[in-house]
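As structure tokens, here come the structures.
Shared between the two complexes below is chain A, which pairs with chain B and chain C, respectively.
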Partner chain A sequence: MSFGTSTDEETETGTGYPLRRVVLYITLVAMGAFYLIPIETGVMTSLTSPGSYTGQFPYLPPLEPLLSGTGEFSLQPWQTAVDLLGQGLVNSVILVVPATILSGLLGSMAAYGLTTVSWRGQIAIYITFVAGIFIPYQAVLVPLTQFWYNVVPLRTAFQPVAYWVPFIQNYHWKLVALIVTHTAYGLPICTLLFRAHYKKLSDEMIEAARLDGASIYRIYRRIILPLSVPMFAVVFIYQFTQIWNDLLFALTIVQFGDASVVTQELVGLGVSQSGTNFPLRMAGALVAALPTLLVYVLFGEKFAKGVAA
Partner chain B sequence: MHNPLTILRRRLRGRDARTDGGATEDGESFLSRESVRSAPFWLPPALLIGVFVYGAIGWNVLLSLTDFTGLGTPDYGSLDFENYVVAFQGGTPSWSELTVDPIWNSLQNTVVLVVGFAAVCLVLGLLLAILVDQEIRFENTFRTIYLLPMSLSFVVTAKFWLYMYNPQTGLINIALGAFGFGPVEIVQNPDLKLAAIAFALVWQFSGYAMVVYLAGLRAIPDSHFEAARVDGASTVKMYWRVIIPQLRTATVSALVVLTVFALKAFDFLFSMYGYQPGPSADILATRMVREAYSNGNWAYGSAIAVVLFLMALAIVSPYIYSQYKRGAL
Partner chain C sequence: MAKLTLDNVTKVFTEDDGNEIVAVDDVNIDIDDGEFLVLVGPSGCGKSTTLRMIAGLETVTSGEISLGGERINEKPPAERDIAMVFQSYALYPHMTVRENMSFGLEESTDMPDDEIASHVEETAEMMGIGELLDRKPADLSGGQQQRVALGRAIVRDPEAFLMDEPLSNLDAKLRATMRTELQRLQAELGVATVYVTHDQTEAMTMGDRIAILDDGVLQQVGTPLECYHTPRNQFVAGFIGEPSMNFFEMDVRDGRLVGDRFEYELTPAQRDAVGDADRATLGVRPEDISVDTEGGGSHAYDVFVDVVEPRGDENTTHLTFDPGVEEPETFTATISGLRHIQAGEAVVATLPPESVHLFDAETGTALHNRSLETAEVTEQLT
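Take a look at the complex of A and B:
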């Protein structure tokens, strides 16, 4: 599908850089700038020492003696942000790692049971799974809060665990509640992604294994799981991003306190009586965004695959 | 022998067994059916979703019929539709001494935000997809950059755009100042709030629309492009008449997903305004959380959530049904 490179235009200008291509690339670069500038401005501001910050040129690198008005370079906002968000970062990791693995694993199992093994009525169950992707979480918040705080005695059941197991604190029960919740709400999309993958696998191979007398478990462990590795990468990346970035469930299930995750801590960061500390606030936003940004930059293709599904 | 389960099992497979006349196939008995044998795989996830998603939705509907407020426990003894009457007409409910506003205002803001955001996202996404589809160099780099904001949290996006919109130090106002326009209050300006929110969300999600459209464009056979070329159609005409009509599926699926993103924009608004976005930016999602978690009007919050849920259902269920009919599920 190449129209811009059509030869009549090239001969028109004779330079090999037809005007149309130039305009095309200028537009593409300008749009790239549109997406990058808020982040770039944030990075530059986060590297400015708060004392010398003027806000005149937030998009320029802080090179005070060289460029007046840009402020002095400093890593102090990042240090302060890491210090202030430290607990939230730790809590986020405690939440994200098990929730991602659990939802991915259970999603793969569900997709296997609902796709590769075929039986009547499975599509109905699958549709209830898929519908779960689109549910606005507001519709379940009050019941979830009731469930975790007033119905399940998780808090009391957790106390002996916190007492006997090192590094486990009492407040971690809230993170356990959040892990289970995120696992349940991540399952629909994980199942959808795995099912799309499993539908493409060849029936003959599985049929052959079945005729050889392989059980359902054996087929899953020996054939399906090894073939799912690329999909696990897509699912894990997607779920990691979703759960790390979530605020609503954390706000209503964990609420503010010892167990707050990083997105909750970030909401109020850098605001005080004396006004807004923009370098600190931008550094905080970048610290909170860094894990997902890194994952995205390293595995961008897989992330795109996940969101496109 | 006279175990009721055994009898039931025999009845269930009876017909096949008799016509067969011989030993029944194992595949026909209840315990060795595929659905049951695969149950260890799909049943635990199904139970988790059944309890946490569908159980919670049902419970929420029930809660919306109570008068549950504050720190107490909900009383399921007296159920009525009072919360819905209050939601649509306003007034003083029995569980409060204060007048409660109806939800029309936030309902309207929700619709405006969703429609405006989704429309701009789709148009921008389509244009970007067409540009990226011109066999450009560094295609991966451009695509990566356009999709980059989507990997960020709503909270992070809110922080960046609070900064961009700031009257003194924000880039938007610095740019306006360069053209001689005075600093404009954006984030707290009732006339601009909703547009500012939608714009930031477009920044975050238009890359997603691009990815969906790009996949749609790549699925159109080259011959369609060539045929239009041979017919002498201009590029604009070709896209308008030939290509865009073929992108209907891509448009619908992008639209549904973007709508769901917009309905989830709570995180973004909360990071910008806390519980109080003000009447000109209040959407159902923020209203619901404020009523329940800030004001303690749990039952009323649940009723608003039911309205939001029904709106999502009205958009999503035709989509899922059409996907099912197409055999795409």
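Take a look at the complex of A and C:
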């Protein structure tokens, strides 16, 4: 199609290259470079020898090979980063996947119950959901610690589970607490997003399903849920990024230890008394950012549909 | 197959500020097994609410709805064994035609899958949508979607069909085709059907009987011709028939109706019907008025043509008594499409006494309806 239009313009104007097109491409290339340079800089830095790091522009390929004397470049900082962040990455995945799915699923169910099904008092309930969006994180930090450490005996309750179920460790209780916290905190915004989507669904269609004999649950399962797929992509991407990148709740609830998530591990990576190892930190940051990138690629197409809807 | 009965059915909506709105007021209708009843009325008259109460989508404030002799007021829609066709078709967009049609059977019966499949295919063949079974609603034309919506209702083999303006989203030509097809289908299936429309043509042509609602109140239930020729009140008279009946509100003086523009000599029967009322409304259908270039008689009046609307088979003429006025009061008369008549022309309009209806000026109740035997009236006059 683009070929067709360009030939059209050429024949119209009679000159070889239409100026507008040239300007457009130059602008696009410049913008592309502008957005990609920080990432490129990161990649280059992660390959630079810590010793020669300060001596050059960060976005240029390293002058000094990482393994000095051999003339070879190496992915050593990346290996080190993966090794050191390994536990954190695993913990983050254990946290993020259930928390994202739960907040999306519960948000969708809540929105269905508050929008498509009509009952007395639902507006009041909905308003409390919306109010949840405006509670600042900082305000709940202390109560949250109190809640998980002193009010709910999750730690002791979790011990037999860890004992009997393989792969489950004692410290995982902190991740469970974090999953519940993130699910609860993500619920209002998820509900809001799904509600906006469900309001646009035809009432007559739901009524037709009711007349067809479907129960409230079956309508959700067979009509609403399949029609929510684009919105799920939006919510999943949003929640995944939010929870993956969160540091505040992790510091509050996990605090330290084996249950630390990747953002916590990243804080201390490559920091020592002898100085900061920037290539290692940069490699660590890129490793930690990779999963969110992956989620964008996986859900990107559906995401675009959901945003456009 | 069952009889559907509405007994004193009333629906009151309570607004947030406590205001009560009576949407349906004490409606009584019996729909026999296999009967096609058309509920007709202007928008906001409560016809859709009535239908939704039968379906179970709205609660009934008071009164009783029963199907096959059994009260169904409290039953949820799923248990009523009623299928409904919606104006927007309400197809499930993520399902194929086949899935759309099987959905109801899967949800409401224990029928095994292969039986459902053969049922769906049979119905689809009957509806002429056999080749569309694997398509999604978005890939279908409006007419095809309409058929799928009907098929989805039929495949469930319900006790009663409800249709909420199912043809209003189709273009005029397709609507006419579907009208006949629906009638044929309904007769074939023999299931009690309630059909809601605001279109009096659909009501006249499709219904075994029609029920006319206005402002939540049932005005008349009867066969289309009963409603057309013997309307119970002025509303029915004006609603049924296209173009509408002409009304003249006039004074009653010594057996004559006296208006601003003309006087009308009543027949003895009409005189009896009017009794000692001071005022009465005279109604006459456009097709009963004869328009001639000259002539006279006791019920002929000199008028002028204001506007002519040619329709091919007939012309709708708007006639007026005062031609000079900017926007004159007019009444309509239908004449043959072959006759040539022009705006501004002076003509003689005759209001034949046998085709005149009389209504109470205040309540609108019919006092006298047109005679269906012309001979009788002409005798009385002479």
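The definition used in the following text is that the second predicted complex is superposed on the first by the 241 of 309 C-alpha atoms of A that agree within 3 Å, B and C clash if a C-alpha of one lies under 4 Å from a C-alpha of the other, contacts with A are read in each partner's own complex, and residues count from 1 in each chain.
Heads up, the rule we're going with is that a contact is a pair of C-beta atoms (placed from the backbone, for glycine too) under 8 Å apart; a residue touches a chain by one contact, two chains touch by 3 or more.
Everything numeric in this text was worked out from a predicted model, so none of it was measured.
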| item | value |
| --- | --- |
| Touched partner set for A:Ile223, first chain B, second chain C, both or neither | second |
| Chain B versus chain C as contact partner of A:Ser202, first or second or both or neither | second |
| Comparison of chain B and chain C by chain A residues contacted | B |
| Which superposed partner A:Gln169 touches (first chain B, second chain C, both, neither) | neither |
| Contacts of A:Trp119 with chain B and chain C, given as first, second, both or neither | first |
| Partner chain in contact with A:Gly107 - chain B first, chain C second, else both or neither | first |
| Partner chain(s) touched by A:Arg210 [first = chain B, second = chain C, both, neither] | second |
| Chain A positions touched by chain B in one structure and by chain C in the second | none |
| Chain C to chain A touching residues, read off their complex | 55-57, 76-78, 80, 82-84, 86-88, 90-94, 103-104, 107-109, 152, 156 |
| Interface residues, chain A side, partner chain C - complex | 202, 204-205, 207-215, 218, 222-223, 226-227 |
| List of chain B residues in touch with chain A within their complex | 33-35, 37-46, 48-57, 59-60, 63, 73-74, 128, 131-136, 140, 142-156, 159-161, 163-164, 166, 168-171, 174, 203, 207-208, 211-212, 215, 217, 222, 225, 229, 235, 256, 260, 263-264, 266-267, 270-271, 274, 284-285, 288-289, 292-293, 298, 301-302, 304-306, 308-309, 312, 315-317, 320, 324, 329 |
| Chain B-facing residues of chain A, complex | 1-5, 24-25, 27-28, 31-32, 34-39, 41-42, 45, 55-59, 106-107, 109-110, 112-114, 117-123, 125-144, 146-147, 150, 180-181, 183-185, 187-188, 191, 216-217, 220, 241, 244-248, 251-252, 263, 266-267, 278, 281-282, 284-286, 288-289, 292-293, 295-297, 300-301, 303-304, 307-308 |
